[in-house]
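Labels run A, B and C following the written order; every chain starts at residue 1.
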Amino acid sequence: MSVTSLPLADRQKETPSRTMAWYDWALAVATFVSFPAALYGAFVYAPTEAVQGDVQRIFYFHVPIAWLMYLSFFVVFVASILYLWKRGDQWDRLARCSAEIGVVFTTLVLITGMLWGRPIWGIWWTWDARLTSTLILWAIYVVYLMLRAYSDDRARGARYGAVLGIIGFADVPIVQMSVTWWRTIHPQPVISLEGNENLPPQMLFAMLVSLVAFTLFYVFVMRQRLRIESLKGEIEEIEQLQESER
Amino acid sequence: MAVATQSAAPATTRWAIQVEGLTHRYGASRALDGLDLAVPWDERVAILGPNGAGKTTLLRVLATLVRPVAGRVILGGLALPGQAAAVRRHIGLVAHQTFLYDELTARENLIFYGRLYGVEDPGRRADRLLPRVGLAERANDRVRTFSRGLQQRLALARAIVHDPPILLLDEPETGLDVAGADLLDGLMTDDQGQRRTVLLTTHRLDRAVELADRAVVLLRGRVALDLPAADTNAVALAAAIRDERRPW
Amino acid sequence: MTTFPGQVGALLWKDLLVELRTREILGGMVVFALLVLVIFNFAFDLRVDNVGGVAPGVLWVAFTFAGILGLGRSFIQEKDGGALDGLLAAPIDRGAIYLAKLLGNLLFMTVVEAIALPVFISFFNFGRITLELALIVFLGTVGFAAVGTLFSAMAANTRAREVMLPIMIFPISVPVVIASVEATALALGGSPFAQSLGWIELLVAFDLIFGILCFVVFDFVVEE
């Protein structure tokens, strides 16, 4: 059901407001407050790691961003399935926006990985399991965005995107598995960014604060992005209506 | 004449084609705008209208190639989109593209489509159809060597390879010479000599009058005029186009 | 109505007949694969000790790049003649179209591989053709062709279609490439079968998962 099918008086109640609702404001504030907290946690609160020194602190950003990356692409996966099943435009918008943010996160994971690797290994890039898998993931979703951009019409782009969104995500665990396995057969004589599983509680806490910050960021940006896309859709519908009534 | 179906649909319905509130968009423009149309069995309908009126889109929706944005479509008692697969068996389509494979011979093209449509002994069927469209001597020549007119004749044969009760013809006379155009009338009766239900789009008013019982004029995605073909004349059409300015 | 295997059979027969008459795809693929092998010889200037490490990768580069050529053509043909609509208007399962294209692509790639493999072995003076190797090549090809056929259908309807197909296929088929190259290395090097079993299992898993997934999802790609 679209807004343009309603009589004019009722439309204004249904249209997403140009100003933000109170919970969006609350979300914005929470996000902007949590980031300094995360920075404090990462740079001041958490103790220095024994082997790697202060360089290890990038870990408090690299890991949460990686988790958000997977979350974004999982959202793309679910939204893609829902789109093919129910065909609502909102699912397509959700998939598209989440993929965009996902690619940004993936790029950040790669960059933080490289920034970490340079002082530790002396080189910018290394084909360790995590970075390699992330690079492949990056490629898959950049191609997703390209596929949508290069499609001739909207509906087709949405459908193709949904197909790739499903296939891409289904592939993610298999890519990880095969790359990790490959790495264990041809091991590198270097330590990987992950470090060990058991973190002292202070480090764990810093990580969690950072995770909360980035999660809030994701939700906040997604809401804004979806709102904009939704408004764009409304404008187009109105333009079409004007066009056909002329 | 009733459609022999193997599906759960009722065996006889009054209407071959029922369309209600059909709407479809291509990007910003509305190709079909709440179109209503009902065609009883055995009727031949000519769909007229200027370019962009929605004629081709209507045919593509009926051929199950396009899923419309809104509206109900029922062919032979079978509703789209749910029963699209069952509907396809009962439809013959001639479109702007010929659907022919250049590298196959005329006979092979018919056999291929015959097999897709579940025709028994497609080879024999092809041998019977090719003379009917005047392609008997060219049966074993590759379609790439055919002129546009001959390809169109083969396309007509392809449309009836499975002897469908409903024919959808989108400007079927494109490329046909006079002899070819004469074939059209013959193809509109089926193997048992019964009339097929035919929907054909054309630009030519005179041919519409000759071939059809009824003329439907589309303007901007809707039915503007609907009258017996014999009553159609240029004056009525001009009036309808003038009236386009008036809101519906 | 024709049965599902009958539909696949008719579609496959048509594709093979067309290819037989034009010989467009197959010739190009074979020549390309052989050229790749030749060029890599110059690129790596292979001596005896290097060969085992590099050769399996070279082989699969030849197979995948030649494969992309063939995959690219498979749907462009239909689109240019408008014939895909003819198939969609017919009472056949959409899945039959996918399967027929897949089998056709598989067949072409297998022919290319059957020619390139002996050439490879003599150029590089390395390895033997064994049943194990044939199995690995077959499984890898199936996985690659399964996603490749689906993507080819999408790419055909996209701008910059020649570019879109390879960039869609390669990231997604990374597991196939890794597994195939590793298993091929083991097979060519004469290692016992048990060692490559893990990689073979990965290939089988990929083939099954993505074979089924692509088959199911194909409907959404061709509908309008």
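Everything that follows uses one rule, which is that contacts are C-beta pairs under 8 Å (C-beta built on N, C-alpha and C of every residue); 3 or more make two chains touch, one makes a residue touch a chain.
Nothing here was measured: the structure is a model prediction, and the numbers come from that model.
The greatest centre-to-centre distance from chain B, using averaged C-alpha positions, is reached by A. Judged by contacting C-beta pairs, the busier of the interfaces A-B and B-C is B-C.
Chain A and chain C have CA centres that are 32 Å apart.
The centroid of the Cα atoms in chain A and the matching centroid in chain B are 49 Å apart.
Centroids built from CA atoms put chain C at 39 Å from chain B. Counting only residues that touch two or more partner chains, chain C has 223.
Residue positions of chain A with contacts to 2 or more other chains are absent. Note for the complex: chain C touches chain A at residues 147, 150, 154, 157-160, 164, 167-168, 170-172, 174-175, 178-179, 182, 198, 202, 205-206, 209-210, 213-214, 217, 220-221, 223. Per the touch definition, chain B reaches chain C in the complex via residues 6, 60, 63-67, 85-86, 88-89, 91, 93, 95-104, 108, 112-113, 115-118, 142, 158.
Note for the complex: chain B touches chain A at residues 25-30, 33, 220. Contact residues of chain A toward chain B in the complex are 153-154, 236, 239-240, 243-244.
Taken in their complex, chain C has these residues touching chain B: 1-2, 6-7, 9-11, 13-14, 17-18, 21-22, 81-83, 85-93, 223-224.
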